[in-house]
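Reviewing the structure listed below.
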Amino acid sequence: MRTARDRHHRLFAFLSGITAASILCIAGAAAVAPPAAADDNVITFGAALSTTGRDSREGALTKEGYDFWKDYVNSQGGIKIAGKLYKVDIKYYDDGSDAATSAKLVERLITQDNVKFILAPYGSSATFAASAITEKYQVPMVDPNGAAEAIFNRGFHYTFAILSPAKKYLQGILELAMTLKPRPASVAVLAANDKFSLEVAEGISDFVTKNGFTEVFYSEYPPDTKDVATLLTQVKAKNPDIILGSGHLQDSLLIMRAAKDQSVTSKVIGFSVGPSTPDFITSLGPDANGVMGGAQWTTTLNYIDPLFGNAERYAKLFEAKYHHIPDYHNAESTAAPETFQFAMEKAGSLDPAKVRDALAALDVETFYGRIKFDSRGVNIYKPMAVEQIQNGTHMTVWPADAANASAVYPLKAWGQR
Amino acid sequence: MSAVAVASRPALSARDIVVRFGGLVALDGVSLEVAPREILGLIGPNGAGKTTLLSVMSGTLRHNAGAVLVGGRDLTHIPPYEIARLGLARTFQVVKPFANLTVRENAAVGALFGRHGLRRSFAAAFAAADAVLERSGLAAHADRQASDLTLADRKRLEIAKALATDPEILLLDEVMAGLTPAEIDQAMNLLRSVNAGGVTLIVVEHVMKAIMGVSQRVVVLDRGKLIAHGKPADVVANPLVIEAYLGKRYRGGSPGA
Amino acid sequence: MGTALTLYLQVLVNGLLAGGIYAAAALGFSLVWGIMNVINIAHGAFIMLGAYASYWLFVGPMHLDPFLSIPLAMAVMFVLAYATQRLLVNQVVRAPLLTTFLLTFALSIFITNLAQVFWLSDIRSVTTAYSGSSFALGPITVPWIKFWTLAIAALLTLALQTFMTRTKLGRAIRATSMDVDAARLAGVDVARIYALTFGIGGALAGAAGSLASVSYAITPTMGDSFVVRAFIVAVLGGLGNVNGALVGGIVYGIVESFGACGSCFPGVHFLGEGFKDVIALVVLLLIILFRPYGLVGKATA
Amino acid sequence: MAARRRVTYVILGLLALAALLPPHLNGYWVHVLTLFFMMASLAQAWNLIGGYTGYVSFGNVAFFGTGAYACAYTMTEMHWPFWGAFIAAIVVAALFATILGTPILRLRGHYFAIATLSLAIGTQALVQQLPPLGKGSGMTLPLNSDFHFFYWVMLAILGASIVVTMFIARSRFGYALSAIRENEEAAAVLGINAAVAKVGAWTVSAGITAAAGATFAYWTSFIDPPTVFDLNFNVLMIIMAMLGGAASVAGPTIGSFIISAIGEALGAQSVSPWHAVVLGGIIVVIVILLPRGIMPYLAGGPPVWNLQMVRRQLRASRV
């Protein structure tokens, strides 16, 4: 039998354990807090990214974009603000592709690590959750890839999206389609049932009704779908001129495979997310040819940039460092900290409120496009581009003045691409 | 065989009970009655349907035809917990202690939910549980986990749990199997004292000494049918029973434990 | 043939074919669950490893076709799963059900993230010469890859069934599942039987991975959604019922396929691709409630 | 038993002290503790059905999501104040559990586990299709930046869940649940109405879970189906409850604390997936060495570092 004294000891040991663990946690957290806050020659940015979980691929692309900017700026000496040169640093956490964790880590960056400038997480949901935190602490956040407009309809003042909003993602393909001869008329829309993809689909429906197309098929599918064969069977029965998929990379691969399996043909096929990533071409090989993608950015857009010169030079530098051509996730993720940089330089201050005001007033052309925010903090001034994969490479086919190739139309039959 | 009438107002009567498992007929029109305060022995070879009959009476198994009546009330569509609350308790051949509860708590569950359970206070239920443990010789183990008990004590606990529900009728399923002769004597004494307290008992048992010792009357089941009933000594002497129960080669021999 | 009929037939065939991969994913899962009473959450991670095995063999110097690399993937996964059972799962296999569940869940986190460390989250694909080619059955299109996937799932089912009923080892496994203690008394080395069962489950996951590699994007997290489906299919078929997994996979595929087909039921507003999960799960719930022993099983007392 | 009870009181005391902390903590630690209170509440709630009653529910996250959506809907579409929405969330989820529990709780073991799993996935799939609930886009709630408020609400939910568990554990109801867990047939023949008791336990569990879900929705001010029906929540509830000790009054809270602390010590500092690898490894080790959770060791059992004991236990759980 154990005595009461024994139990007391155990209880005491347990409580000491808990207390020690708590202290260790707090001390540990304090120990890893960056010295940057103390070092006034370094500006530290913070980002909670997805390095594990569902969005880890996109998270990795985002991180490359951020890091590229950081290393480039530091190699150039740093950022000059009010006559003083600062090096830059970015503090990263992994949110495990979970929006609630994203919010928690953004709060950590702000209150624990004293970060004054936040680079947004990947994706609309996580950005949405993080925006409530940055708003509370009045810390500016620049968002390179949360495109859902719902984020910006809450009257927040500290969140700025440099990318074109979701509704515009696939309108470019339809604009292009209006110039093609013979003009395609019928559209089939396949949309993943999530915030971003539904907004993209809404944008398509708006455009279709206003511009003389007919939507012959519309269906939503669950975001984690494994099998879209029946979806494509139904599309095939409608024989549409244009097939538009609003979803994510894996969905676009599934749809392409199912379309080939059943020999579904159309004159145009395009996706909101997918074709622009390097994985799309490596996965599908020749079958990727002719596929169009709505792109926030392409390497052939001829914008001038104060930092990188232009888009082409940015792409070259990026490829030299990461051994692949930057996709638009990379580009927008470089443009986001760059936007911060311009706002800081313009504000001549590192005061978050002043930087915010400078962001709100910003109007610059970058390699990524024009950056200017409307009153909600959305960049509605930058057009979307359309890419088409031709002979295994990305070609820009829209807008016409930035195009480096004309669209292959209509799409060739399967097996001849 | 027709119903075995024993009294004008039996404590329990089963009428033409039929139970089928798929194609197998486990009980084929069994009828019996138990008088109030009687100890009825229920014997038969393995697979005769004894446990099945207890399960039907306690409501844990649905019969395909027939009826069980307690105090004139048909139990056919009454769930087991309500049957227990009406005052009919049972034990299981393979004992089912609440392994991670203490012995006292095991008994207390019976006292908390049995015949008067819901009207009892919490404290009264535990007091009743302690009384039952005292009676069944488990008081010394009251604070041990049921999983720590020996087989004999688990058998006792199985009875104690049922007793704690304060039953009017108690169905006992081979509570003496595996016990030593001394333990069997203790168990028999317990049954007698329970019965003396006014509880009707139906005892299923293979231990002949016990059955002969405690039963006032015995019924014999074989392959789902009731083949004999009567005083213990008469039934045991019945050649039909000997043949069915012990096999042909024992015919003429004397039945024993 | 009318276009409407063509649509229904094609949707039916789609579901039937989709069932192949679901069945393959569920086969080993159902076996381990039925025999060992272990819900192996790491089964999805095993499928993922099988897919990577086929991928590396395909892009490697041998340029091995994924269908041909199935035996290799199975062998690798058998060894890995056997070792996992001996070293880890066996330590707690008699503890309450949840313990093994937790252990395999943690294993799945461990393996998935280890894969992410080494192979990153890049999306990889196996694209063969015959990817996307199909044959026609009248107006119905049947993609070769899915056809062979279903055929191999059926073959694996047959092989497992034969193994379990015709070999001594298989019978020992079945005996163990019925009564561990009795099997031990009869001289069966239970620990070895369990390790073999887990190994076979792993090998079947490896095969499912190879099959998945030709149809799906290969990523470290690809196994997650297979586990949930394996769960469901195993129940549809009846736990541990080898033939049941195949039937369950096909039934699930067909229900999902028709659930996804809004055009098949004009006027019924609520059907459509988005509702396919709801429909599949309602069907599942009804089956659990009314036929808990699976679609092809029999009620036992 | 006395030692167990003392552990419970100590934990309640610590939680009472925790109520005084927010003014002294920065936003991050308030956030971390709020999440810990939430996860601990979920684990406590799960423990009522999964631990005490022995019905391993994979469907409790459905009540979290239901509570979150009920709160979001009543606040945004019906303009109810938070506390009204909070009560509504509890009521809706409790009703949901009562109605669905009646058929589902007839199932046992694996079948119950799968039925509840499909309940969780099915509820998410359904919500994802309902236009009034925003479909896949989710719902946006009014923003409340007073994060201390959420700290206190979550803390209160956790405190309440422990107190409720404490009362249930010592009540007639609690004994009914324990008896059902140990042997349902034996419980029935002693007079326990198992169907009612099980549904009751699940209903209470659902109510607590929904309270946490509603608070979570208002706190994050944005919910969508994958977030609030995330099966990982359910798995975490189970892991935390098991680790602390299922069917013990405060075990789940201890388990949550340990998992949260490990996660905090590992997760927040690294962007490499190694931290998740390590977490997985740690859980593997814990599960093998402590298959019955920590509670038995705190309440009079031999200490964790007693290797002989560990070895004996390992032998018992092998084949």
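Structural remarks
By written order: A, B, C and D. Residues from 1 in each chain.
As a working rule, a residue touches a chain if its C-beta (ideal position, glycine included) is under 8 Å from a C-beta of that chain, and two chains touch if they have at least 3 such contacts.
Since this is a predicted model, take the numbers as computed values, not measurements.
Looking at chain B and chain C, the chains that touch each of them are D.
When you average the Cα atoms of each chain and compare centres, the chain farthest from chain B turns out to be A. Ranked by how close its C-alpha mean sits to the mean of all protein C-alpha atoms, the top chain is D. Ranking B-D and C-D by contacting C-beta pairs places C-D first. One simple way to say how far apart two chains are is to compare their mean CA positions; for chain A and chain B this gives 72 Å.
One inter-chain figure worth recording: chain B and chain D are separated by 42 Å, centre to centre, where each centre is the mean of the chain's CA atoms. Chain A and chain D, compared by their mean Cα positions, are separated by 34 Å. For chain C, residues touching at least two other chains, in rising order: 113, 116, 274, 277. Shown for chain B are the residues that touch two or more other chains, of which there are none.
Counting only residues that touch two or more partner chains, chain A has 52, 56, 193, 220, 222.
Taken pairwise by the contact criterion, the protein chains fit none of the simple patterns, being neither a path, a ring, a star nor fully connected.
In summary, the structure contains touching chain pairs A-C, A-D, B-D, C-D. Interface of chain C with chain D (complex): residues 33, 39, 88, 90-99, 101-103, 105-114, 116-117, 180, 190-191, 194, 228, 231-232, 235, 239, 270, 274-275, 277-278, 281-282, 284-285, 288-289, 292. Interface residues of chain D facing chain A in the complex, by the touch rule stated above, are 2-3, 6-7, 10, 14, 26-29, 31-32, 35, 125, 128-129, 135-138, 140, 143, 145, 147, 216, 220-222, 224, 226-227, 230, 232, 257-258, 261, 264-265, 267-273, 275-276, 297-300, 303.
Residues of chain D touching chain B in their complex: 171-172, 175-176, 178-179, 181-183, 185-194, 247. Touching chain C in their complex are the following residues of chain D: 50, 56, 103-104, 106-107, 109-111, 113-115, 117-119, 121-122, 125-126, 128-129, 231, 235, 238-239, 242, 246, 272-274, 276-277, 279-284, 287-288, 291-292, 314, 316-319. Those residues of chain A whose C-beta lies close enough to touch chain C in the complex are 52-54, 56-57, 59-60, 193, 219-222, 224-231, 233-234, 237, 249-250, 253-254, 257, 260-263, 279, 282-285, 287, 414.
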